[in-house]
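Both of the next two complexes hold chain A, though its partner changes from chain B to chain C.
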Partner chain A sequence: MATIIINGTEYTLPEGERLNAIQAAQRFGVEIPYYCWHPALSVVANCRMCEIQVGSKDPKTGEIKMIPKMVPGCQTPAKDGTVIVTDSPEVRSHQAMIMEYLLINHPLDCPVCDQAGQCGLQDYSYRHGQAIHRFVEERTVNPRKDVSDQIQLNMDRCIMCTRCVRFCREITRTNELQVERRGNHAEITIFPDRPLDNPMAGNVVDLCPVGALLDKDFLHKQRYWFNDQHSSVCTRCSTGCNIVAEENRGQIWRLRARYNPKVNDYWICDEGRSSYKSANDANLLPAMYLREGGQPREAPVDRALDTARTRLKEIARQGGTIAAVISPFLTVEEAYLLASYIKGLSGEAVLALGPVPVVGEDQTFAPDQRQGRTGDTSFVVPRPFTIRAEKCPNRNGVERILKHFQGEVIPIDRLRERAASTPFDALYITGGGHEPAYEGQEWTKLRDGAKFLVVQDVWPTDLAGTADVILSSATFAEKAGCYVNATGRLQYASAALPPRDGSLPDLDILAILAERPGGGPISSRDVLSELAGQVPAFAAVRSLDGPFPEFGLPLDGSEEPTPGMFRYVDPWHAPRGRVSLAT
Partner chain B sequence: MKPDDPNLKRVEPPKLTLLEKTYLPQILGGLAVTGRHILGSAIGGKAVTVQYPEEQHVPTANYRGVHRLNKDEQGRVKCVACMLCATACPAHCIDIVGATAPEDWPDREKYPESFVIDELRCIYCGMCEEACPVDAIELTGLYDITGLSREELIYDKAKLLSVFDMTKDAEPMKTGNPPASLPVPTSPLDPEGPGPRTTVPAAQLPSRS
Partner chain C sequence: MAAFEPVLTRNFAVENSQSLKVYEGRGGYQAAKKALTTMSPDELVQLVKDSELRGRGGAGFPTGLKWSFLPKDRAETFMCVNGDESEPATFNNRYLLERDPHQMIEGIIISCFATRASTAYLYNRFEYIAATRVMERAIAEARAAGYLGKNIFGSGFDLEIYVHRGAGAYICGEETGLIESLEGKRGWPRIKPPFPAVEGAFRKPTVVNNIETLCCVPHIVERGADWFKSIGTPKSYGPKLYTISGHVNKQVCVELPLGVTTRQLIEEHAGGVWKGRKAKAAVPGGISMGLLSADELDVPLDFEEIRKTGCLGLGTAAVTVIDDQTPIMDVLYNTCRFFAHESCGQCTPCREGTTWFYKTMKRIKAGGGRLEDLDVMEQLAKNLGITPGTTICGLADGAAWPIKNAMTKFRPELEEYIRSHQQADKKPTALQEAIFRGVSPSLFDSSLPEPSEPLPGPTAPGHNPRVSPGT
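Showing the complex of A and B:
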């Protein structure tokens, strides 16, 4: 039990964590401004913004001795008896001095800078800076340059915090970026012909406290404050990184990483970062279709759903064989509704796991506490980050549901072999991935022999072209629900976009088909509690009460709150510039 | 501040005299003002109304009419697509699509690919003018805009630039006026008006209503 004194008030810190003064003060609602410090990176203390007055209290005599000069807060361990002063006139004038110095060469082009609105320099300039500029010389003009095809560097906006340099050295350990020259001439650069193209490079944009490093994908397209921020989960691979989806005017503009120490730490990969494009695609199914006269024809939503429901019921009543393909892109709630609906139609029905896309091999970035780092690393808790080869979010969750409903998981290939020898009377196939999955002859063969084919997907595919009913469903951004990632962690993703015209979220489609009592829109939380009551693999959800846990829920085994399980967000990314901590 | 705050000072209204209590001096004073105006416009030639449209009303210099998009010395749109006007706009009538400036504009990083103002939705408050960091958007003295459809009064970048060409002589910009050699269209509704046009079609997106 450590007691620290912040601005004259005593606070007690819990055991088991090694915190610096910034983190300790943040826990108790005292903000120490900083730029260069980041909890995952080593401490270099080069921005000098977090300098505070530090002293220690003698445990025997109770006498407080202050260090005669100011010390960086990022480097000061919060130990028993540490005394921190963050609001004295000396500290304030020091912060104003640092702000004035950082702004000497800053172009002040906030109106055209994409970082405006979530910029550390803007926030601190407002709070700690001054309105006048005493520097009368010409500002250094440093032209913008590309550090890769994806990332632009506006060097004159840079404040040389070297967060990006440390990220490349310590987290990806690819060393693309470095500081060139010194002092006023210092610059962030790459080696000639060695662009910043590692699979996690986009994180330097999130890390940059100012508008120096910018994503060209988002460049000049939107202002940050127009975008609504939605907490979501990346569906590009089975890691299930926590993300923020920025939405405005019915379109997703970018995805950013959201902190989850148990899954993705502070990072997301570039592939995940660009996966938002599939939600904005112009080729997404614009309506539901019914097969009339050998051709799919656009049909109203209610008629398409009615046809699917009545025909499937009819086939089940006549004793026909039914099979359903549950896509690993469906949420657990949707998979559960679909499985219980199809099994409810016919106990003999076959449920198969949809195609699981696998590309390449798992790639793990395992930063070390000490190796490859410079400066003070004692506060760093290194956590590995994995980009998985399995490019779907919910194979794990769908398999758990399939095992409950039929005892085994039938892969899609086995279903296709079986369909080739003894065709099913009715097939219900779901999709919803980032790319069209059911393209080519091997899929259209499923049609042969089937009396009735329903395809519920977001893409117009070859298989959908042969279907009797095409149900236009939701992309990852248009639906809310839970995914189980590769390590068995249940995570909730909220919907970022409203449904497209002519489509319905999968959960609503299935609720209508299954004629769930109550009617009206269906809540994923209600289905989740129902599912938890029935499927033992989801028993951990039963104890869930109140809001969904921020860092997800491990389905296998319980989890004690571990050090570092506090929400972390850089102050300039926090809503309205204020950090609120999870308690 | 609470009602019993010691800093609060209670002020009593002044007592009215007997004459004031009849209200007659105030009524007569008011009638005198009205009479002065009637006589002024009837025989003094001080009428405020004009015989529009035969006679055109010239508004004061700070009148807030139709917007214009100013041009710089090279005839380029001055706007840098910072969207601060759209942020300040209380009626949400401004729609801007920003884009990276062409390579041969070294002084600029961003420019508006499309700039649309719904003149019907606008409440002519002038907040956009106030917010603009580069004095690119200004409200002119034009007040008589008409159209046969609502679409006609949704002004795009070309129209807003042509308003500038029409009004730049009568109402010079606050800063950095371009040379007078640029061609002048006759009407803001003239689709062939000068100025760069949007070439990129609206993003093809799935519609969400």
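Showing the complex of A and C:
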């Protein structure tokens, strides 16, 4: 247990935590402004914004001795007896001085800057800066350039915090970025013909405290403050990175990383970052369809659902064979509802796991505690980041459900073989995902393997075109629910968009088909507690009480909440209306 | 003064002084032999501590104390010899390297033995091409003679010296900047702690010493700590190389006991101020140390006394004399240009502040100066340099000090310069002035009256009216 004194008040830090002054002060609601420091990167202390007065208290005499100079908070460990002063006139004047310096060459083009609204310079100017400026000389304007096809670097806005440089050195260890030239002309740059194109490059945009590094994909598209921020989970691969989906006017504009030390730390990969585009795709199924006269015809939602429900019920009553394909893009709740619905129709029904897309091999970025870093790195907790080859979010979760309902996981190929030899009376296929899965002849053959075919998907695929009923369902952004990532962690993703016209979220479709009391809409949390009571693989959920855990729930084994694992964002990314992270 | 016998420069005038034969013939490598065969490393450290040898590189940190900061249980130690002598007008290290390389090597051998470093890097300034060649030749000679390599003097001590030439940056003379540069990285100083003694070059304990400091070590071993302390003034012992340049008749490098005065240097060694003029000011030891006015020329140039004049310290003891015909503004202009060019660009205050100085000086020189510019510069200099800890390394202090000194010592002259050098078209534009005065942009260039309550005028950032009203 360590006692630290911040601005004259004593606070107690729990045992076993290594915090610096910024983190310790933030814990107790005192803000120390900073730019260059980031918990995952080496401490370089070059912005000088976090300078504070530091001293130590003698445990025996109680005498407080202050260091005569100011010290950056980022390199000051919060130890027992540390005394921190953050609100003295000296500290404030220093902060005002740094703000004055930083704005000398900064263009103040906030009205056309994408960072505006979540900008460290803006927030701190407001808090610590001043309205007048004494600089009357020509400004130094460093050039604007592209560091890759995707990322633009506005050197004129840069404050040389070098977070991006350290990210490329220490996290991806690809070393694309470096500093070139000296003094006022120093600029961040790439080597000629070596663009910043590593698979995690987009994170430098999130890292940049000002509007220097910008994603061209988002450039001048939306003002940050108009976007609603939705906590979600990336569905691009089975890592299940935590993300924020920014939505405005029924469209997703970008995805940003959300901190989860157990999964993705502070990062997401570029592939995941651009995966939002599938939710805005113009080709998504615009309505539900029924096959009439050999052609799929648009049908009202209720009629499509009614047809599917009555036909499936009829086939089940007649003792027909029924099979369902559960896509690994479905949430745990949807998979559970679908499985229990189909098994409820017929105990003999076959459940298969939908196609699991695998591209390439897993790619892991393993930052080292010391390698490539500078200074005292004992505060840094290096966490590996994996981009998985398995490009679906919930194979693990669906398999758990399948094992519960039929004891084994039947891969889709086995189902196709069986359908080819002895056709099913009814086949229920689910899809979803970022690309159409059921395209091409190999899939349209399934049509012959079923007398009655229902396809529930977001894409108009070749297979869907041959189906008797096409149920238009929800993209990853339009539905809420839980996914189980590759390491067996259950994570909740909220919906970022309302359902498209003519579609229903998968959970509601299934609730209506299964004729649950009350029908839809239905809450994913209700289904989750129901399935937790039934499926032993989800027993861990039973103990869940109150809000869903911030960092997800490990289904196998338990984990103690690690001290100090509170949600981290840079203050300028704090929720709207708050300039500070400190409470 | 007559009793003073030069030791560091004793071989300078000897013909072919760079060769091993001449050096050995004049008693060379005897101190190294004595140290390695009869003394233990700890005894050597104690000896240097007793001699109170202070670092000659600028800060004047006690060398023996620096060596004792090395962790006791270290497995490997590196010695970095700082030959990145880039302070304007300093050239004493160059003399030591070019004229007596074996004295340097002997100093390195003894110091490495004392610190148990078996690898030494001699980091030479980029421009010291000749010195690098001389050193490389001397090292090869010494290695052939068995003074370097394995088992030196049969003591079981191994040592290799590598000469590394920098890439032309002033900042690499800062010890952690030097280490970064040596590692092949950009010469950006590191934050401390960890100090180099604990984690330096290649993450190993490292000692960084100046060339002249190490050159003193053989003589201390040879003649003892008491001899060393018999030279110089209290707290500043030993001989020191002074370089005198600027507006003097003879620009020289002389070895003298610490504590001579600037006037002595000018009159006795440099042949007086040139063209029969008088000295107006002098730089005591490299421009980053500040400025001495004409009536401070009798202050002893040692580690302690010089601080009382408001200068930062002795620095490299490179005295630059400025005659009475030279405007101080010109000196400051050059100074500001130098620091703006050499700031590494890492810390915000230095990166922006040094360039701000330079741009303001440029405008004043061009005739666009305003008297309030001096106030702004003084405040900036205070912000940059008066609170230690503003930046990672001392470059910002060095950049601010000459300005602070000039503002206190030469303010009337600077004001007169601005008044007499006015060019209307070089002044800040009306808009820039308006921003400076805090006029609301919407009122600028309009017929509307100014706000009844004027916005605050130019204040030090430290007195931010928004943060601390009323102060």
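Here is the rule we go by: the second predicted complex is superposed on the first by the 571 of 583 C-alpha atoms of A that agree within 3 Å, B and C clash if a C-alpha of one lies under 4 Å from a C-alpha of the other, contacts with A are read in each partner's own complex, and residues count from 1 in each chain.
The working rule: a contact is a pair of C-beta atoms (placed from the backbone, for glycine too) under 8 Å apart; a residue touches a chain by one contact, two chains touch by 3 or more.
This structure is a prediction, so every number in the text was calculated from the model and none was measured.
Of the two partner chains placed around the shared chain by superposition, neither chain B nor chain C is touched by A:189.
The partner of chain A that touches more of its residues, comparing chain B with chain C, is C.
Of the two partner chains, neither chain B nor chain C is touched by A:56.
Look at A:68: by the touch rule set out above, it reaches chain C but stays clear of chain B.
Using the contact criterion defined above for the overlaid structures, shared-chain residue A:111 touches chain B, although it does not reach chain C. Contacts of A:174 after superposition on the shared chain: neither chain B nor chain C is touched. Of the two partner chains, chain B is the only one touched by A:284; chain C is not. In the superposition on chain A, A:90 contacts chain C only, with no contact to chain B.
In the superposition on chain A, no chain A position is in contact with chain B in one complex as well as with chain C in the other. Interface of chain C with chain A (complex): residues 169, 171, 186, 188, 190-191, 193-194, 203, 340-349, 351-356, 359-360, 362-363, 376, 383, 387-392, 428, 432-433, 435-438, 455-456, 458-468, 471. Chain B meets chain A in the complex at residues 80-84, 87, 98-100, 109-110, 133-134, 203-209.
Across the complex, chain B is touched by residues 109, 111-112, 144, 219-223, 225-226, 250-251, 280-282, 284, 286, 497-501 of chain A. Of all residues in chain A, those touching chain C in their complex are 43-49, 51, 68-72, 75, 89-90, 92-94, 96-102, 104-105, 128-138, 140, 159-160, 178-179, 181-186, 370, 374-376.
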